[in-house]
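All chains are identified by letter, namely A, B, C and D, in their written order; residue positions are counted from 1 within each chain.
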Amino acid sequence: MSRSNLGLKRCLRVTVFLGMIILVLSLLDRTSPAQDTAPPPQTMTQSSPIFTPAHRTVMDAVREFFGSRQKPVQPIAYTHKVHLANGMQCTDCHVGVDRGPDARIPSVNFCMTCHQVIATDKPEIKKLAAYRARGEDIPWQRVYGFLPSAHVKFNHAPHIRAGVDCAQCHGDMTKQTVAVRMVDHTMGFCVQCHREKNVSVDCVACHY
Amino acid sequence: MERRDFLKISAATGAVAALEGCGNPDHQLIRFVPEEDMLPGLATWKPSICTLCPAGCGMLVRVMQGEAEVVRNGQLGILKMGLPKKLEGNPAHPISHGRLCPRGQAGLQVTYHPDRIKTPLARSGPRGSGQFQEITWDEAMKQLLSHLTALQTSNEQGKIGFLTSPLRGQRKTIVHGFAAALKAAPPIEFAFLASRTIQEANAWSFGSDALPTVDLSHSNYLISFGADFLGTWNSPVAQSVGYGHMRNGRTGQPGKFVQVESRISQTGASADEWIPSQPGMDGVFALSLAHVILSEKLGTAGAAGHAGALIAGWSEGLPDYAPAAVEKQIGVPAATISRIAREAAANAPAVALIGDGPAAHTNGFFNALAVNALNAVLGSVGKPGGIVFSPVWTSQSGKPGAAEGKKDGESSVRTLAEQIHATPDSVKVLLVDGANPVFATPMAWRVREAFEKVPFIASFGSFIDETTVLADLILPDHSPLESWLDDSPESGSTKTVASLAPPAMQPLHNTRSMPDVLLDLAHQLGGPVAAALPWKTYDDALKIAFSSLQKQKGSVSATDADDFWTKVKDQGGWWSAEDKSVSLAAGKIPAAAVKNTAPQFDGSPDQFPFHFLPFASQLCYDGSLAHLPWMQESPDPLSTVMWGTWVEMNPRTAEKLAIKQGDTIEVASQHGSLRAPALIAPGIAPDVIAMPIGQGHTNFTRYASGRGANPISILAPMVESGTGSLAWAATRVKISHISEGKIVMFGASLTDASPELKHR
Amino acid sequence: MAHQWGMVIDLDRCTGCAACVVACHAENNISTVGEDQAARGRAKHWIRVERYYEGEFPDVRVKFMPVLCQQCDAAPCEPVCPTFASYHTIEGLNGQVYNRCIGTRYCANACPYNVRFFNFYNPEWDKPLNLQLNPDVSVRSVGIMEKCTFCVQRIKASEIQAEAEKRAVKDGEIQPACVQSCSPHAMVFGDLSDPQSEVSRLARSSRGTKLLGELGTQPKVTYLQRESWHGAENA
Amino acid sequence: MAQKTPEQINEDLLRPLSGTSGRYLIVLAFLAGIVIAALCSFFWQVYAGLGVSGLRSPVFWGFYITNFVFWIGLSHAGTLISAILRLANATWRRPVTRCAEVITVFALSIGATFPVIHLGRPWLAFWLFPYPSERGIWPNIRSPLLWDFFAINTYLISSVTFLLLPMLPDLALVRDRAAGWKKKVYSVLALGWTGTPKQWNRLERAMHIMAIAVIPVAVSVHSIVSWDFAMAPVPMWHSTIFAPYFVAGAIFSGIAALILAMACLRKFLHLEEYLLPIHFENLGKLLLVMSLLWFYFVFAERLTAWYGNDPSEMTVFWVTQTGSFSPLFWLMVLCNFVIPFPLLAIKKTRTILGTSIASVTVVIGMWLERYLIIVPSLSHKYLPYSWGTYRPTWVELTITAGTFAAMVMLYMIFSKLVPIISIWELKVGLREEAHPAPALAPSHTQPNEVGAD
């Protein structure tokens, strides 16, 4: 066996070992499956009387340190594909994306403006109607979004004005059903594009 | 274990417990359908009015979408709603000019305070224990109604008392209308810093029962007798804007500012010349200045008109007030007096102000009249650069029952307490709104004991404070940002101002606006009460009241009533187009010209060697803002003290008594004693000790309770001889060193060199 | 040319009212630390009003001086940071990149003005006080230095707005929270690279001085010193 | 020692490796307890935040950085002194070098942890390491902290090498005498040393190169540590004298630490016949020189500040001279000069006991010096409004105590694993005795003549 092979093997071994540690840590942190089933149970849990940007648990902190994020589980299996195929535009629902920092996630009322009449017999639409009937909004979970510890202030509007395609950061939604994180919004991802487009890569352009 | 650690641990264990069950507890909460369609991340600006002091500044509220944990229909959930994020002055508003003072900035924390009363409460423990149980609004209204109707049927409506903070505008109309229609006792409007003596003096001198609007931006010379006009007195924001203009905002020379007081106030700190005078001698000082002006023919006696004629000896040129004769009395060299008088006369327009401190002596009324006369002889009354009385808009809601009540000072609470002590049955139901007299009156008045004798107290308070804790029933009011608001300030602008603001946000908690509760009560009481208050809601009443302004020339022009209403709402009110001041009628004509009497002090100088000077805190104001963390943690501008109180004394005094910075000392008057840390600062006369009002709450949220001491509590029940107001600067005290202690200060050093290094 | 943001503080106008202090807290999500921590010197005030007494009774004068980050052009805090958390932005601000900060606190030592503050604990807000938090500004967590940013979020918002409207940022359009709250108009903010701006005009005043300018930090905050009154005297 | 045969040397010096006494274990357990307490304190600090320490605005550096500078300074005991003595071919150095070099390695390791302990977010300390990331951000090469990072790492690596190289023959010796698992371990450590002439030759050359190379490294390390301070515009920090001042102080405290370590080893490992009064006497003289040098630097630093009369510097000057820090300042002068100077200057008191006492005071005094450089300046920067005071909390005290305990503990463990005195070098010394080579220091065969001149 050659020397380089040995080195490679050792590297692999270390990687596997580290991976195991992370796996064990994340298993320890496994939350109960209750969270993964939507809709979440409607108990009256009193959350902490204090707000702090701290992590809830040490495990949370460790997980964030290694950059692992939980997969969002949506209460309703909304399909972007179908809606876009029907000729809708992103901005029809995600209003405000061209005007301000954030895009709106439509409320149950907004969805029901169409689904009052359209496809009312489908099970997912029935779920939707049930939310409306209970007077509740849909507890959508965030798919993207920066971690608070990234201290990033992203503003959609200038990007839309600059002609950045939605798909560039969010993937091709015409092929997606329930939205999943297709693009990793790492700093490298942002900076690369900023460099290519010759726009500011000053830290304070995003971090403040 | 410290509170902080406890909170941390409980938060940690709570979080762990929640995690074991079901991950992120926020996801557990149901989400209510947003009632408001706002775009996330985009700010909208809504007008509002600052209600934290009587100045009545117009504000703009920056509202952004956020997620609030709220209870709706008994269920806790998350609601996407518009949340106020920042308060700024309204640039269009003629009082705030787009600026806001530190207290106004902190108004946000009133709304978001963790200890706000979130739902109606009924007392469940002994009175004053602070034990309450949550009830529904229906139950609460039923309880209150039953008490009111019981008195109605037994024809004892006169035994219903109504105690409020100073009211203006339509809120006043409704409260007074309610009381009048119910045939209850006239409402008592209580505030510690009510400036009642000055208002009364202005009525005598100038015929206007109001605080003056000070046109500082045109003044060239300003003599302020203890007026903290840049901090807490009258309309601080408007005055600060004018002051900035006077100092350096205009071409030509900046004006000079002379402050006369025995302890450097936050305002006095900015003065070009600070003149310490003997407490209670401000009137003599003012007349001594007038004497110089008259004797040196820098002004004529006649020019002072009625304001001068009120003063005994005025037409003779005030012979008793020659500087040389009074310099000992005032404690100011005669040369200084003459110089100031000459400077003032030579730098017209010159203006003199009198603040609450000098008016809070037994001769305070005379002091105020004397300063008024000085102003008159300086020719600054009703003129640019002087003091102006602006016309106040009295809302005409078209209802005869809604009479404007007479202004009353804090003395009426004393009367009320005396009345209850004399005949315990005289007040059977007491309604309290905003006022906290149990905190803000001397113990010697025995207000708490009196209130404890009242069979039923209902409070509209948003917080459990020293007065509300005595209540049997609490019907929590909205926070100002959640309410409709209107205001017609009496000073601060030369324009007539009628401020109006719709709610800037939906209510966070299960609260109701007090005027709406009263209207609802009136409706349910029926009969003449319902007839006197015919409006369905508070905003109905406002709309009707404001419609009368449409015809007048002002900041809003509109084609029809609805258009006018919309525009007024958007602008945050209506103000007149032109600067106008009320034509000054001759004031009250007394039987005889007013003569000075030496100020009286409680306690003999031998036994109680120090004058005790309480003063309004720049941040906690009269104590009503001590519950806001921002106010507690912002360093006081002069002492830099945070989260506490202090007793200020001269280094010479401290040296004599062997007191070091931060030592705990006891301050005792004939009527009580308190303990607080000493603050040694040079800006105070050696025979005076001063203490900020604001701390010393026994029962006022987690941030203010049990913190510091309340100087009001040990005050002697001295009264101003002319108006009957509390002479809160007329107490003498003694001090004794108790132990070493500490004081939390942000600034490490009082001077630009440490005393430790002085010897080099 | 990039903007060079600067400020002028007229000490003749400043009344020491502390409105700027509270406005800054409200705008920038600065947490309050409580009495115990304040006593331990952990209170955070990005802007503070320094007060110095001069003289002895009865000839006492008081000096107020609002001190905030001076956004020095030759800032001692910047080169010492090993991770570039503290660095000079294109627009001349002393940027503080929170996520890059590992908490050496070297910058705070190097800063002669003591305007850098450290999060000794995670900040806490008793709910629902957290609803006051400004979504435009990061909430800093434990172990991070923070300091006055000249309200960079407002600067950014105005620049983005101006860009959307295809115009330049107007003089006086941007007001940091302290400037906006200042009743006597003691503070003026603007672009120093534009000689016509109000702030440039005032900065050229003969009363203008730099705080600790002798250290060579080249602050972008100019203090206009108080003038003694010289009105017409009749004496 | 002349009467010692190589076998006796082996016997004496390998004895500590063969077994442990109950007393040893008790002391070790006690020290380990302190170290564990310090570790717990540190984890508590990481969990809760730096607020558990006494640090505050504006004194953002306190005990931790004091300890950092102190331990880095202490680390100059070994490698530097040993290298100089080796180059100078001072034969009396032979029993001293290894215990000196060990001090360096341990003190440096301990010192190097403090910058991490004092971080607000210690889990991100790896950002100081220049590695390529997708962010495209490298550490800031302008920051003295980064220079520190590299300097200390360089020094640590070279010190470890410097310690390990001459250890090889001894490790081989231990290997040859050991059995079972120990033999395996020592075989690995000895790196296949068999003692061939080629190996000896290479070792000799390597040591020579290392001795030359390590001196500038050592000097630069403490210069760079001093620049952590001197680069910041803080009153009394911003000074050109800092680099030599720190290096001198470092050597000063290093020698004191070495004397202390030798005194302890001599007593507890019964090495009376190896660590002789002559060693203490010689090192005592060195300490005396350094004490004078230290005094000179303090005087020069203070004189220029006082003469310059810059208000901000004078504030710090008076605070330490007569103000609240003056008790510590004068205690420092007492410890670093007033006590050690006569003890070391008078031949009669330059005994093992005398030098040990002097060393104790010097170690205390030098710790105080680091503290007095950092805290008074930070607490009295330019604007009096923002001055502040500093008082450590139990967390800092525990961690500080823990590092002292760790030092002793590591030393104790080391002395049980490796001969603390270089056996082969002593043997070489024996050989050389037969054929005396020119030496700068008198041979140890004439102890009474040493220092008589």
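FYI, a contact is a pair of C-beta atoms (placed from the backbone, for glycine too) under 8 Å apart; a residue touches a chain by one contact, two chains touch by 3 or more.
Since the structure is predicted, the reported quantities are computational estimates derived from the model, not experimental observations.
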Partner chains shared by chain A and chain D (touch criterion as defined above): B, C
Shared chain contacts [chain A and chain B, defined touch]: C, D
Geometric centre distance via CA averages, chain C-chain B, whole Å: 30
Separation of mean Cα positions, chain C and chain A [Å, integer]: 36
Distance from the mean Cα position of chain D to that of chain B, given in whole angstrom: 65
Distance from the mean Cα position of chain D to that of chain C, given in whole angstrom: 44
Interface hub residues of chain A, defined as touching at least two other chains: 48-50, 52, 101, 155
Residues of chain D touching at least two other chains: 48, 384-386, 388
Set of chain B residues in contact with two or more other chains: 7, 41, 69, 114, 640, 747, 749, 751-752
Pairwise touch network: line, ring, star, complete, or other: complete
Chain D contact footprint on chain C (complex, rising order): 37, 40-43, 48, 50-52, 67, 76, 79-84, 87, 100-106, 108-110, 112-114, 117-122, 142-145, 212, 215, 217
In the complex with chain B, residue positions of chain A that touch it: 31-32, 34-35, 40-50, 52, 56-57, 95-96, 99-104, 107-109, 132, 135-139, 141, 155
Residue numbers on chain A that touch chain D, as the complex places them: 58, 65, 186-189, 191
In the complex with chain B, residue positions of chain C that touch it: 10, 12-19, 21-23, 25-27, 32-39, 43, 45, 48-58, 60-62, 64, 124, 126-135, 177, 180-186, 224, 227-235
Chain C-facing residues of chain B, complex: 2-4, 7, 41, 64, 66, 68-69, 83-89, 97-106, 108-109, 112-114, 220-221, 230-231, 236-237, 240-241, 243-245, 247-249, 253-256, 264, 266-270, 272, 274-276, 298, 338-339, 342-343, 345-347, 508, 618-619, 629-638, 640, 642-644, 650-652, 681-686, 702, 707, 742, 744, 746-747, 749-752
